[in-house]
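The following block contains the structure, expressed as structure tokens.
Chain nomenclature is as follows: A, B and C, assigned in order of appearance, with residue numbering initiated at 1 for each chain independently.
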Amino acid sequence: MTTTAPATATDAGTGHELLPDGWEMVIGLEVHAELATASKMFSPAPNRFGGEPNTNVHPVCLGLPGTLPVVNGKAIELGIRIGLALDCTVQRCVFARKNYFYPDMPKDYQISQYELALNVDGRLELADGSVVGIERAHLEEDTGKSTHIGDSGRIHDAGYSLVDYNRAGVPLIEIVSRPDLRDPEQAKSYVEELRAILVAIGASDGKMEEGSLRVDANVSVRPAGSGELRTRCEIKNVNSLRSLGRAITYEARRHVDLYQAGDAPRQETRHWDEEDGRTRPGRSKEEAEDYRYFDDPDLVPVDPSPGWIDEIRAALPALPRHRRQALVDRGAPAAGAALAVERDLDGLALAAIEAGADAERTVTHVANNLAVEGAGSLDASHFADLVKLETGGGLTATQAKQVLADMVETGRDPATIAAEKGFEAMDTDELESLLDGIIADHPDEWARFVGGDDGDRKKMQGVFVGQVMKATRGQADGKVVNQLLNQRASAG
Amino acid sequence: MTAAGAADGGSAVEIAAAVAAGDRSAVEIVDAHLARIAAGDGEIHAFNTVVADRARERAAAVDRAVAAGEPVGPLAGVPVALKDNFCTRGVPTTCSSRILDGWVPPYDATAVERLEAAGAVVVGKTNLDEFAMGSSTENSAFGPTRNPLDVTRVPGGSSGGSAAAVAADFAVLGFGSDTGGSIRQPAALCGVVGLKPTYGAVSRYGLVAFASSLDQIGPFARSVADAALAYDTVAGHDPRDSTSLPDGHRPTVERLTDGVEGLRVGVVSEMTAPELRADRGGAFEPAVIDRCHRAADVLADAGAKVDEVSIPTAVAGLAAYYMIAPAEASSNLARYDGVRYGARQPGANTAAMMTASRTAGFGDEVKRRIMLGTYALSAGYYDAFYGKAQRIRTLMIREFDRVYQQYDVLLSPTSPCVAFPFGAKADPLTMYYNDVCTIPSNLTGHPAISVPFGTGEAGLPVGVQVLGPKLSEGELMRVAAALEAAAAAGGADPTGEDTP
Amino acid sequence: MPDTDDAAPTDRDHLTPEEVAKVARLALLELTDDERSRFATQLDAVLDLADQLDGFELDDVPPTAHPFGLVNVFRRDQPETDAEAAEFRRLALEGGPEVEDGRFKVPPALGEAP
């Protein structure tokens, strides 16, 4: 890491807190992401999620005798996009065969990249500013899926398996980080940021729940600050960010326990068991580890020209961190900016702010009120007008929310909608007399508001605002009501 | 055995012209060949599958097209035999292996598509050494093919069935695959012409892989002109094969009459020198070497510049080949696991089922090569075997490229001996030595042709091999046509006085 | 011809039946004791061929995976039609040794993917 990660203030705490004093975690992640192509990596079979078993098939991806793979040029382009987004060196690369027998794999070898990967030596900056090294990002093909049928539905008790090759041959990028991560939260934010990048550049849909983004974690521990790299274990079968955090914590603690007992972990692949909350060793068979890699003689090297790389670089959209920064630079709070980018509404927010809308209110609307379909097609100047109406006192927050919903639905301007709904800023005099009447009707509550402790005061404030809202059917501005209450209380 | 005089006889060139002109019926031609197969293939066993009904239907379609005045291709009505490792939609493709029992490909190989588009009529799928691994067709799970010229002897291999089918006139053209000599050697042993084209000149799509970086499809024919026509029909770029050359086809038919005057011809001394004849069990038959020298003389008489040339790396070819080909094969044949197609044996779990299926499904030679390749690629041995062989391959390519600066074509025997009796080369290594002259072209990717040129032991045919640089098929045809003409004029065999 | 400093197999020990058994396991082949010994002898003889590769100077020679050095051969990202996919599905399942619910049926696995 080139900068030290600031402590992450979450309930889970930091890695240092998760382990006994004097130990720290060393985590590297291998992220597999399915690429958003129309057809598979080496075959014209469609690349789409779901569907009846074995419907997305072609002789090539079924590995039928005599078939030959041909590289999907789009997959290379997306691979290069990813490499550039991660500041990698994009280089001449070769597809190799990884040989092992497995029924999910139609050819009983996987076409992957071994010695020469498409992308090497990159970096990824997390939302908190820390930087994680990327060792390589290479292309390969996905396997099919077995469903284990048996009494318990679990692998070891299965009566038999059914194999579906819909996923076999789907293009994958495997992004391997350096062991630069130090705690589960940081690992999670790495995956979140990587996912945001993949989605933003159109390389993958990044859906962890559909398995189009999968994470394996390499975990080891060491005496804090020692710099050494101890024996690591690879944790597979991690299906959500939450599981990732739990699995890393469990595994790191297991290592510390072993060291403290005078023992040591051995290098192996382990599987996360979500139900039991623990990792278990995979089948370890010495010979299965000899993959006999060699260059695939059915394929020729990929050697992207500098011109092609430049072309892809020029067409690369702004990355999430640049987009977040653009909003923050204009005064938006970081959390709201992150949400706006995640929802791909930062362009709208930015345009509204440029048109004079308050940055904080704008981003708050995006964060709280625009998680709806059609938000992306909202007219930016209308959106700016709405925020201006609200901050100028022309609409209450509640009214603004309702107008915004109507704007998304109908595409009309906020003034028209507000007029139609009868939302007019309530005259302050009118509001003052209304409030005075309510105070007069509730003398006990007023006394508690004026003389009570903070808790009382807060409770009673709610009562009065509620009464006003009830009387005005929500059209009063809550902020103004609060101001008036405070004025009257201090006037005594 | 020739078809001269037969009612359906003639070369592919003649048949296609006559059918296209409406002078002869494709159905009659195909029927005559099917009848010959029915009468003779019980003894020869050239075919694994004969597709009589399908062939008659296709032939009838050709005749209808001619009658309707529609254009028909350059092979209209020509009966063709395909090695049974070419995928044919709807027709079983066995590779002469039990492991593919019951498998019917759902697609056609590119070469098959092109042949049928050209009007050729597939009459059947021919026998081969299992998965094309062998030089005698004795390794077929369905029993050997017999040489039509002497049924006590092998037809060569691995494309022995296609060579025999053409020699016996069961078909006018045959197609095979050549990974280390599997077209040229059986062509030589059966007395027909066999071409291994430049790697990438003919699409491998739909050819069941043995060793992907070496496999190449090519034709068998009874004349050089027919071989040229057959090659021209299947050659050319195919986007479904990543290794298909973008500039893969230069027509060869028009080169047949170019002659050899001024052509620079090198006779490879490592394949003809007396001291190498007895090398490591691979003794060269003296008559074979003599015919090769006679071929050189014929070319010199016709105006070619003939010279001896030494290619030292050529002797390393055999060793490099037996590291590279099995390594690729071990991976290519992994997919035969009983899960998706072919024969399955029961097993308590997936691995046991796969192991049982593979153990029962593969013959000994295939098992040997799978194990050899697995070993050559495995951790700790890669550099000493596979890695080293790939570097030797580079040296060979460099050396041949250098030689081709000075020579247009090279000359050598195709096989060290004529057709040998069944069981004569039961030891695997002795059999492997049979490929010593043909292997270098596969490692370099260059084309080579075997053309019958005189006879050797027991009056059996000898094949002379003509080798050339990348995409020199046109030059190979020129030379082969000159040798064919000289042999037809009696210029190949010695007169009584100079018999060695 | 000069020697190379590659790890030459010249001094390689003879292939043992045990090594053959190990390779066979890796290739999912089962051998009888007799086959083990027979194949050990036969494979050993072929591996001895590699001795012929020892004399060449290979230090600066790159490996050749392919004769003609093609690069950048790509396919357009164009999926087959649904009708084609449906036909291949039908034929593939028809050709399966054992099929259930549109999937290929296999005996239980002993473990997970490596």
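The rule is short, and it goes like this: a contact is a pair of C-beta atoms (placed from the backbone, for glycine too) under 8 Å apart; a residue touches a chain by one contact, two chains touch by 3 or more.
This one's a predicted model, so the numbers in the text were calculated from it and none came from an experiment.
Which one of the chains is closest to the middle, using the mean of its C-alpha atoms?
It is chain C that sits nearest the middle.
A-B versus B-C: which interface comes out with more C-beta contact pairs?
Greater number of contacting C-beta pairs: B-C.
Among all chains, whose Cα centre is located farthest from the one for subunit C?
Centroid comparison gives A as the farthest chain from subunit C.
Counting only Cα atoms for the centres, state how far subunit A is from subunit C in Å.
40
Distance between subunit A and subunit B based on Cα centroids, please, to the nearest Å.
The separation of the two C-alpha centroids amounts to 57 Å.
Could you give the separation in Å between the centres of subunit B and subunit C, each centre being the mean of its C-alpha atoms?
23
Among the residues of subunit A, pick out those that touch two or more other chains and give their numbers.
Counting only residues that touch two or more other chains, subunit A contributes 59, 62, 64, 70-71, 101, 103, 161, 163, 290, 292, 294, 297, 299-300.
What residues in subunit C touch two or more of the other chains?
In subunit C, 26, 28, 65-66, 70, 73, 75, 88, 92, 104, 106-110 touch at least two other chains.
Indicate the residues of subunit B shared as contacts by at least two other chains.
Residues 103, 106, 213, 239, 242-243, 330, 334, 337, 339-341, 350-351, 354, 374, 378.
Give the list of subunit A residues in touch with subunit C in this complex.
Counting only subunit A, the residues touching subunit C are 37-39, 44-47, 52-59, 62, 64, 70-76, 92, 94, 100-104, 143, 146-148, 150, 155, 158-165, 236-237, 269, 271, 282-283, 285, 287-290, 292, 294-295, 297, 299-304.
Under the stated contact criterion, what part of subunit B meets subunit A in this complex?
For subunit B paired with subunit A, touching residues are 85-87, 93, 95, 100, 103, 105-107, 109, 204-209, 211-213, 239-243, 327-328, 330-331, 334-335, 337, 339-341, 350-351, 354, 374, 377-379, 382, 386.
What residues of subunit C sit close enough to touch subunit A in their complex?
Answer in residue numbers: 22, 25-26, 28, 65-66, 69-80, 82, 84-86, 88-89, 92-93, 100-114.
Which bits of subunit A are touching subunit B when the two form their complex?
59, 62-71, 97, 99, 101, 103, 106-109, 161, 163, 290, 292-294, 297-300
In their shared complex, at which residues does subunit C touch subunit B?
Per the touch definition, subunit C meets subunit B at residues 6-9, 12, 15, 19-20, 23-24, 26-31, 39, 42-43, 45-47, 49-53, 56, 58, 61-68, 70, 73, 75, 87-88, 91-92, 95-98, 104, 106-110.
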